[in-house]
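These are the structures in question, set out in turn.
Each of the two complexes below includes subunit A, the first together with subunit B, the second together with subunit C.
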Partner chain A sequence: MLLEVRDLHVEFHTRDGVAKAVNGVNYSVDAGETLAVLGESGSGKSVTAQAVMGILDIPPGRISGGEILFQGQDLLTLKEDERRKIRGAKMAMIFQDALSSLNPVLSVGEQLGEMFVVHRGMSKKDSRAKAVELMDRVRIPAAKERVGQYPHQFSGGMRQRIMIAMALALEPELIIADEPTTALDVTVQAQVMDLLAELQRELNMGLILITHDLGVVADVADKIAVMYAGKIVEQAPVHEIYKAPAHPYTRGLLDSIPRLDQKGQALYAIKGLPPNLLAIPPGCSFNPRCPLAQDLCRTDEPPLYDVTESPVPRTSACHFWKECLHG
Partner chain B sequence: MAEAILEVRDLHKHYPLTQGILFKKQVGAVKAVDGVDFDLAAGETLGIVGESGCGKSTVAKMLVNLERPTSGTIRYKGEDITKLSPRALKAVRRNIQMVFQDPYTSLNPRMTVGDIIGEPYEIHPEVAPKGDRRRKVQDLLDVVGLNPEYINRYPHQFSGGQRQRIGIARGLALQPEIIVADEPVSALDVSVQAQVVNLLDNLQTEFSLSYVFIAHDLSIVRHISDRVGVMYLGRIIEIGTDAQIYDHPTHPYTQALLSAVPVPDPEARAHRERIILTGDVPSPANIPSGCRFRTRCWKAQERCELEVLLLAVPAVFRLTDSPAKHDSACHFAEEKQVVPPEEPQEPQEPEQP
Partner chain C sequence: MVRRLARPAPQPGLHRLRPGHPLPGGHRHLAVPDRLRRPLDCDLSKAQEGSQPGHPFGFNGQGCDVYTRTVYGARASIQVGVFATLGVALLGSVLGGLAGFFGGAWDGFLSRITDIFFAIPVVLGGLVLLSVVTSATVWPVIGFMVLLGWPQIARIARGSVITAKQNDYVQAARALGASNSRMLLRHITPNAVAPVIVVATIALGTYIALEATLSYLGVGLKPPTVSWGIDISSASQYIRNAPHMLLWPAGALAITVLAFIMLGDAVRDALDPKLR
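What follows is the complex of A and B.
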């Protein structure tokens, strides 16, 4: 297994109390595999990724428990300088907003080349040639002429390609892409997702795709982890989850997509709001919004039930997963 | 079609590009909107889709007169609102209200919800006499599904979805006939989007509103719209009923746009044909000659470079009865199914929020 996150807990100390952003997350990614982490804002999907990358703001954040095993090694026990060698070289991250993730006063060539200077000890001149090579690889036209340009001179789609190029520079084994196409238009989104999938295949990388878009997930993911209030509530292979979700939250999300045969009718809507992380409801955190909720859900926190029915394992954190899966 | 309540003809908005400090010389123009025509019927929802920079938000701003058009007319019940005196404009504005995209920045953080929703009454006191306003605001809160007791709270005490409801309540305060909604749900979480879409739907029936619904999420636009216009670089390039546009698109750009939308069904991966466009949208300051889509179009020929085609029913479909008979600005318009037909699923009980 390339990456295994075990029972990860992250909390933030704020003026109003302790916000429990991640409450026992388990997931794993293999080489060449794509795991989609699906969730709304505040579900803890990005915080988990930041903990894996080691870029969490500490303080106010604090990893209060769990293990992050990367190629069998627990990253949380490593010293910062050891982690720095892994970050960028073995695992890299693509952020949502390319414009604010790139340095506006350095040319893209310098920013791309920096990877080779810092990690590989290359000279500035050689690193520039490498930068051109990378830009070619992510299909930026006229790479040689544009390598000296600055981020603002590129369009949104091109900037996101530069982010991808930067992440791929040292051919890492794991890529974490946090909403990589949310800021892009659909026609450009399709180009960028295609490019990412192709490079992943070529380099046999593990990919963690963090998103809230059920369409993007269906297009590229192998397996899905659905997060709600800092927990994974359902984990399953992509085909199974779309065919028959085993958690009412997943079902609600899928049902709220507008469908042709429902034109003119009200959309299905999950009632209520995502919980405040300072005061997560007792029992199942989804119970105040759940159509299946019973007394048990308000008192007992559901464990991750094994709901496997086909050869591929899947789990659901719902007491009534049977009703959800078959109802 | 029912009588048009809003008629937009040949609408242009050009922002000048200048050079020099003292003697500003115009060296060009950003043609944000460059010839847009459409009608909006009473009680209808017109969806406008397009990528960022295509001018859809500028159209919205001109409809509510937040921007003055460079040329063209916007007729509200036959009266051109771009040429009205300030006094007459004020009366018209009451009837055309707007809901903004970002519920975080479109509400003043220092005003209470009551003041925000009640502010339109300061400008149009004839709608609600002073003593009556508080009750009216509370009614509005109730209508949009918020607790009327929240009237003294501030925007930061609400979630994104609730704030958007406040924005909608403000839009409804003057009992308008037309609401221009510019990306009203795109800043919201997925599970909350459906609630707001349903609210807009219910309000339309309750108050017989006409909507101009601007968005980039094609599935939501299809759900809510009666007719859909597709914009590219400042122009509508195809317009028709929702079924005509989604099931029988004839313009290559519409086809590419529809095929690029990720379908939330992993089974569709295998048999879906995707048209991946090359390159980016050209700059609106430097629009290609002839057909403005030709630089990214796989059908483009010499003719597309030379002739500007107006939005009309393409000749090949003019005499047919097919659903492809709708306005599309392409020399080589042809039908192509890009959205996979959906299998009917068992109907589910929609839950009321």
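What follows is the complex of A and C.
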């Protein structure tokens, strides 16, 4: 297994109390596999990724428990200097907004080349040639002419390609893409996702795709982990989830997608708001918004049940997963 | 250094008016005609006289040539302005920048120290600290300005480093394996330096004016040093009878300050690739 996150807990110490952002997350990614992590804003999907990368702001953040095994080694026991050598070289991250993730005062060539200077000790001149090579690889036209240009001179899609090129520069084993297409328009989204998927196949990398866009996930992911209030509430192979969700929250998400055959009808929305992380409700954290909630849900926190009826391994954190699955 | 500049050795055969022209000797001298060479060679019988042939700016209260003194005054005034600004900008941005980047206890400690320095009144502080200094050079005055001036730049540097630090590209650089020093020097500094440059160049004019204030109070530069500040303060009491004595050094001061502010704007524009 390439990456295994075991029972990860992350909390933030704020003036108003302790915000529990991640409460016991388990997931794993194998080489060449794509895991999509799905959830609303504030569900802890980005915080989990930042903990894996080791770029969490500490303080106010704190990893209060769990293990992050990367190629069998627990990253949380490593020294900062050793982790820094892994970042960028063995695991890399693609950010949501490429414009703000590129330094406005350095040319893209300098920023791409920096990867080789930092990790490989390459000279400036050689690193520039490598930068051109990378820009060609992510299919930026006229790479040789554009290598000296600044981020603001590129379009949104091209900037995201540069981010992808930076992440792929040293051919890492794991890529974490944090909502890589959210800031792009729909046609460019498809191009960027195709490029990412193609490069992933080529280099046999593990990919963690963080998103709240169910449409993006369907095409590229192998398995999906749905997060809610810092927990994984359902984990399943991608097609199983679309066919029959085993958690009411997943069902709610799928029902909220506009569909052509529902033209003219009101669009479904999950009622209520995500819980305040300072005061997560007892029992199942989804119970105040759940249409299937019963007394049991308000008192007992559901464990991750194995969905035994499924031919492939999948789990759901709902006491009534059976009812939901046949729902 | 200043004493030598104030009383330069005669340079035979140099009769052209080319202030600031570097001579082959390697020293930077102001080349002025022989008869104007010594700013302290004065003729009391010509005190307060206006413009006349050979003396375009007239004479001051001691009968010294105002043109000569304005040209020589540039040395001390610009020395004070430039070195005080450099000292303040370096000390302030290093301390403030580190405090902003690392945060925590060091940040809290530094912020309280800047509060203490802000509480010291400049003129009163100058009267106390500089009255014990006997040196006639510009360095005690520069040192005093750096001592009281760095907190201003430190606060601005701290603020702009904190702003730049929160940018996504710093997080991105960290995610791609950049070290602390690399993030600070390559990603944060170029994006945080613009406000420091702008404030420092504006402060440069303030330092030249502050030198004038301190000299007026008798604790700044002392004669025989020639500076615009000394001349402005001594001329201010004759403003009704002989306004030309005030006008020329004050005009030189104003133009110099303006020039440095424009320099600051130009430097900031040059550093910002979005304007290229």
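The rule is short, and it goes like this: the second predicted complex is superposed on the first by the 323 of 327 C-alpha atoms of A that agree within 3 Å, B and C clash if a C-alpha of one lies under 4 Å from a C-alpha of the other, contacts with A are read in each partner's own complex, and residues count from 1 in each chain.
Operating definition for what follows: a contact is a pair of C-beta atoms (placed from the backbone, for glycine too) under 8 Å apart; a residue touches a chain by one contact, two chains touch by 3 or more.
These numbers come from a predicted model, not from an experiment.
Considered on the superposed subunit A, subunit B and subunit C are sterically compatible, since they fit side by side. Once the two complexes are overlaid on the shared chain, A:P258 sits against subunit B while remaining clear of subunit C. Using the contact criterion defined above for the overlaid structures, shared-chain residue A:L273 touches subunit B, although it does not reach subunit C. Applying the stated contact rule after C-alpha superposition, one finds that A:E114 touches subunit C and leaves subunit B untouched. Shared-chain residue A:T14: touches no atom of subunit B or subunit C.
Using C-alpha centres, the superposed arrangement gives subunit A a vertex angle toward subunit B and subunit C of 80 degrees, stated as a multiple of 10.
By the touch criterion defined above, A:I55 reaches subunit C but does not reach subunit B. Within the superposed three-chain model, A:M166 lies in touch with subunit C and out of touch with subunit B [touch as defined at top]. Once chain A of one complex is fitted onto chain A of the other, the partner contacts of A:H212 are limited to subunit B, with no touch recorded for subunit C. Number of subunit A residues touched is higher for B, counting subunit B against subunit C. Residue contacts after overlaying the shared chain place A:M93 against subunit C, while subunit B stays out of touching range. No C-alpha atom of subunit B lies closer than 14 Å to any C-alpha atom of subunit C in the overlay. For subunit C in complex with subunit A, the residues that touch the partner chain are 167-169, 171-179, 182, 186-187, 190-191, 271-274, 276. For subunit A in complex with subunit B, the residues that touch the partner chain are 40-41, 155-158, 185-191, 193-194, 212-219, 221, 238-239, 242, 252-263, 265-271, 273-274, 291. Contact residues on subunit A toward subunit C in their complex (touch as defined above): 53, 55, 84-89, 92-93, 95, 97, 100-107, 114-115, 118-119, 150, 152, 163, 166-167.
Chain contact summary for the complex, subunit B toward subunit A: residues 51-52, 159, 161-162, 189-195, 197-198, 201-202, 216, 218-220, 222-223, 242, 256-257, 260-269, 274, 276-278, 280-281, 342, 344-345, 347-348, 350-353.
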